[in-house]
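Okay, so chain A shows up in both of these, paired with chain B first and chain C after.
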Partner chain A sequence: MSQTGTANAGMGRLALRDFGGTGLRLLRYSLVRAISIGITVVIAVYLTIIIANMGGQVDQIRKAEIQEQIGLSFMNNPAVRDMTPEERLALQEEMLQIEIERLGLNRPFLLRSFSYLWQGLTLNLGRAEQMSSDTGSRQVRLILLERLPATLLLWGTAQILVFVVAILVALWLSNHYGGILDRLIIALTPLSAAPAWFYGLFLILIFSAILGALPYGGMVAAPPPTDPKAYALSVLRHLILPVAAQFVSGIFILIYNWRTFFLIYSSEDYVEMAKAKGLSGHLVSRRYVLRPTLPYIITNFMLMLISVWMGGIILETVFNWPGLGKLLYQAIHLFDTPVIVGSTVLYAYLLAITVFFLDIIYALVDPRVRVGAESRQP
Partner chain B sequence: MNNLRRYVTQLMGYPTAVLGLLMIIALIGVAMYTVITIPYERAIDLWRGHEESWAENPRNAKPKWVNYFRDGQLPETLVMRTQDPQASRIEQDLEGIRLVTATLSFDYHYDDFPSEVILFFTSKAEEQRPFVATTWILPDGRRIETDAQALASQQRVYLGLDNRVKRALGQVPAEIGLFSDQSGQLLKGTYQVEIQGYLFEESSDFDAKLVVYGKVHGWAGTDHMRRDLMVALMWGAPLALAFGLLAALGSTIATFIISAIGAWYGGWVDALIQRITEINLILPVMPVLIMVGTLYSRSIWTMLGVVILLSIFGGGIKTYRSVFLQIKTAPYMDAARAYGASNMRLIFRYMIPRMIPVLIPSFITSIPSFVFLEASLALLGLGDPTLPTWGKLLQDAFSNGAIFKGHYYWILEPAVLLMITGLSFAMVGFALDRIFNPRLRGL
Partner chain C sequence: MLANTETNSALLRVEELVLHYRTRAGTVQAVDGVSFSLDKGQTLAILGESGCGKSSLGRGLLRLLPRNVKTYSGSIFIGDLDTMTLGDRRYRRDVRWRRLALVPQAALNTLNPVLKVGYQVAEPLLVHRQVKKKSEALEKVRHLFNLLGLSTDFLNRYAFELSGGMRQRVAIAMALISDPDVVVLDEPTSALDLLTQANIMNVLKRIKKDMGMTFVFITHDVGTASELADVVAVMYAGEMVELAPAENFYTDPLHPYSERLMASVPTLREEKELQFIPGQPPSLINPPGGCRFAARCHKRLSQCTEKEPPMTIVDKGSRVKCWLYQ
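And now, the complex of A and B:
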């Protein structure tokens, strides 16, 4: 703690004088984190592939794809037109065997799993069995990436809103604790036990079915407005309910946790000291309470974000939001294994990026990382 | 023991915790009652929906209690049988052919039309099947006749599909036309159904059952397959509790043991556990569960196993590990060792009591998340195909457009039960957290 204190005090000077060193350290820290998260992703994707291939699913995808290619090449090949069907089938079978051997599908699984790993990591998972992208492609990668913006829009809007509101309210409550609002928020904390989709059901029921005020689901009115401004407004209208659902599900526990952090830290001696110096309440909360708690808050938020990513799959299904989660739902019902495996990999990436992003913010706000105190600690 | 009593007394000081406890006790009571009155096999059998078990239930009927909140009474289902004592039965002999005239009558005083009208016939015959014709007599004396037909041993006559009835009623559906006067208004009073059957053999006979399906059924209502939702609502309780409790127990104990091993041995074991935890953080739990559900098995018990496996290296490891490290280096442990305390004594007198404040609240608060996880999987269509759970009800309701058709009870009933389960455990858990972590008590 004392180290943090001195680091905090010397921050202003350090930042000016030693900017190059700090920047370099941050860069090195980011690089180290990126590599270690990268390795974790590789292992996570490898596990995914192993799980998917325990039933031989990935093998089947590959074989079906080769078979289709050979079939296509035969269809357009004038050279085989004169063969009898039996000859053609035999040749096809022979080519299939050659191709299987060429691609190493007859190698032991351990070796093959590494080539699958590479394909998984590059999202190069071949072609979907049933589904296609809006542009008509059967490439799993294109199908997945097409849905990504919708998911990011919904998730990003909701999480930024939750984060900002939770911090502001928590800070305010930590200064006014014991009041009616404070007790109300504590009483409402158990509401966070239910996931966002659950509140989504109620919100749809109230605002769409009974009041008819907001759309049941989807991302934009049908047919989509041609005017960009009207389009944006329509998307906004469709965003209200799913964002509200995430808000209700996430906000109370965060406010409660963070207000508790703030309260614990507001009883530290240096906060009393700052108050005694006659600093304004605002300044005290911002500089002496918020700053040292930020690393904890970010860790706490990160854990919540990870569970929110998973809950988003069902939220999108409930609200018919055309994102990754809805795609996964459709893939389950069509038994489209390449898409299911692909979205699992993509979700692993999204989680990893979330973790990495928060790690960087953590580094920015945690003085121990910023000034390299960590390396000096035992 | 004294400690326990103290904790209980403290817990009673939190009104939300008391409320939560009461709700948990009520849930457990319902769960036990259900398991005793509707055995597991019977529940599965009922939920698979054999025609015979649900034939007398209306489709998509609202629960009975909606009648308390509305002006007009919605009809309940009426069942009349020719075997009933109040049904009349006259037999005439027409030169070897017997003419049986059975009359079923019922009073209709509800304020809305029924949802369906079906006549069920059972008959027996050696060679020549009985021949029946039915006449529907309204309270105002009008008579609507159906086609005459030969009966199979089991036969249903949907009055709405009968050609002569259709001709008589025009465009109006049977359940409305058969119950309205000429201006189309609902007609209350005594209705009669006259069934004339010609029996050609000495041993031949027939019985009829008239079912006038209502618009409300039972305390829970029914779904699109005529199944009484009560079965699923009741069986949902033990299943949700079992899934939530077992998953929470399994993952808490496993996480606890692993973090203990890591903290005790330290070194590379600890480092390895830390790395696995990081990987587990990035492993997308829901898609992996979906993969297991689609590719391997949808059994609720397989899912339970996978859920536990995936949550072993969860966020709890870090918390437990730090507490273990504290205990490991605590002076009182050295002191206890110095006076020659046995390992058993060390574990049960010194370590476990220190761990309980961390373990119990996190165990209780993790139960709702597992309950909702099961519901989430069911909502995605990955629920156990045989078992009636709350999540399955929600999924049925969703995929049959309950929200668009106005069958709100179908969504609200399981949702409210899920909410009660989630809230009760969360309320007790948060209170316990504050009791066991004195730093939070005043806050």
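And now, the complex of A and C:
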């Protein structure tokens, strides 16, 4: 017994020392994580710039476009009609050089790529080439910010709904597995093989075209109601179908996933001990199944949130939802590089912030993840 | 001294307990008509090899049943209360951890990894409303930790921060916290090294002596069982083949299986040649008629394979299920 006594005292001292350093350690850990995530963002944005400019090849395309424009303007310009072809060519060449210099295309692409990078990182996203915001601005930042709330509303609602319902139903099923409802849900999982927009088409057909009960698409009735209450109600009505499409497509496979996950964790010895101790089924589920698996659930929740930031290109297009997904779809069509790069930069930032908070939360909810602590196994 | 089925003075009385599982291959008769009784302060050691149904017996006692249970019948009296007649709700509230507690096999997994150890030990008190305040419960845990040689620093530790032996002490503290009538020890030392095993056994012996605790001690280790047991039960192929006071059992086992089991255990003081039992225990899906040990028995009689032997009371209060003693 004396041996255990000294061992205990030793561990007590260790615990005391650890406690004093916890705050500092958490701070240092956060800083290191922030720096490493920051580096990742820089690399991601730079790669996007290189890719969106096709490694500088886009310069050639733009030069050709400028040349074509100048040529066209010369063709219809009566002022240059009297010039000799040589004079005209010289003037054309001069105007081309001025335009190239104005756009900075005469500087080597490599140098410019770094100034693009700096502009991107400081969210100085520049002006769109073709697109404009609904308020008429050419500022990429404004175009993106205008679309962001719509995306967050639709995808946030849909994904959080699917996620929470899936977790709760799965937890219930894992306690009643093998029952009729359990078998029914498993039988329905193949429904998740089709994407949300696929169900969207059917939902529009049934509820808008045939029943006429809900709008075909868009986010709010036209013209928008002036009363805020009516406005909110209108948005809610427009939200029903795209959210339902998401729900049908996502829910069954997610329930199946989580149910299997909870089933595995409910067969742990400590769950059985909790039952033997006389805890109610509700307490066992909450404290002995949900609580130990919380880090995994949070990870999945955050990953889900990341997907929310970007929305979905096709679903937003099908429902004519004015979100980032639809914007990106249009930007790719119009070859609007600043908008593409801008939305990627925005995404990279949101992603980085999400991952950073995920790391911190992880360290807080799971005692097994001791940040930077030396192993304390006695 | 010996448990006596006929009197009602026994603290724990089990009659004709049956626990059958449904599997794809057929019905597994894991526990088949087991009866015994145990007085307060005594320890019953249930001995048997892997797959003999001893762990199932423990689970049956605690009503910790898997989903594929086919039959679960018999009576389990704790005092005057027949727990088998209680519904799940009442059983949970009135029996679990108030009447019956469990010390599981030592493993990392028996404690919740994300709850502090002290809280987990205190939990039954709070769940069953035996104390009103959390601080009161923790005070009791502190007292028990001191008693079991655990530092009270551990109250705020997590399971992964403790060694195997410490975790097992925590499990014992958890079982004792709500003053249950009977504690089922399901191979409490099997996963530990020898020194820690001896340590834990000493703790258990001390509790038995100081607190007058009643134990059902399930083990495959004949030697370890002798340290704690007042009564020994031997399980074979789902049946209890011998139930005897410890001193009788360890000097003079009656059933041929017990005899061979004892002959396979090395002893310190006497010279003997260790023996083994040829063959394998029968499948519990379709156990043979007659005596289930007959095929491996070195004292087999002609009727052994035909008729099942009854449980017979022999001298000095031992009971044995064997034709030799008819």
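We adopt the following convention: the second predicted complex is superposed on the first by the 245 of 378 C-alpha atoms of A that agree within 3 Å, B and C clash if a C-alpha of one lies under 4 Å from a C-alpha of the other, contacts with A are read in each partner's own complex, and residues count from 1 in each chain.
Just so we're on the same page, a residue touches a chain if its C-beta (ideal position, glycine included) is under 8 Å from a C-beta of that chain, and two chains touch if they have at least 3 such contacts.
Keep in mind that this is a model prediction, so the values were computed, not measured.
Engineer: Thinking of the overlay built on chain A, is A:Val248 touched by chain B (first), by chain C (second), by both, or by neither?
Structural biologist: neither
Engineer: Identify the partner contact of A:Ala166: answer first if only chain B is touched, second if only chain C is, both if each is, neither if none is.
Structural biologist: neither
Engineer: Just checking: does A:Ala209 make contact with chain B only, chain C only, both, or neither of them? Give me first, second, both or neither.
Structural biologist: first
Engineer: Given the touch rule stated above, what does A:Leu305 touch, chain B (first), chain C (second), both, or neither?
Structural biologist: Neither partner.
Engineer: State whether chain B or chain C is in contact with more residues of chain A in the superposed arrangement.
Structural biologist: B
Engineer: Does chain B (first) or chain C (second) touch A:Pro190, or do both, or does neither?
Structural biologist: A:Pro190 sits against chain B, while chain C stays out of touch.
Engineer: Which residues of chain B touch chain A once you look at their complex with the stated criterion?
Structural biologist: Within the complex, chain B touches chain A at residues 16, 20, 275, 278-279, 281-288, 290-296, 315, 365, 368-369, 372, 375-376, 379-382, 394, 398, 403-404, 406, 408, 411-412, 415, 418-419, 422-423, 425-427, 430, 439-440, 443.
Engineer: Can you tell me which positions in chain A touch chain C when the two form their complex?
Structural biologist: Where chain A meets chain C, its residues are 1, 4-5, 8-9, 11-12, 15, 178, 268-270, 272-280, 283, 287-288, 291-292, 294, 365-368, 376-378.
Engineer: Given the complex with chain A, which residues does chain C contribute to the contact?
Structural biologist: Residues 62, 64, 67, 92-93, 95-98, 101-102, 104, 107, 109-115, 123-124, 127-128, 149-151, 153-154, 157-158, 160-163, 166, 174.
Engineer: Which of the residues in chain A come into contact with chain B in the complex?
Structural biologist: Residue list for chain A touching chain B: 36-37, 40-41, 43-44, 47-48, 51-52, 54-55, 57, 177, 187, 189-195, 197-198, 201-202, 204-205, 208-209, 216, 259-260, 263-264, 303, 306-307, 309-311, 313-314, 317-318, 328-329, 332-333, 335, 337, 340-341, 343-344, 347-348, 350-352, 355.
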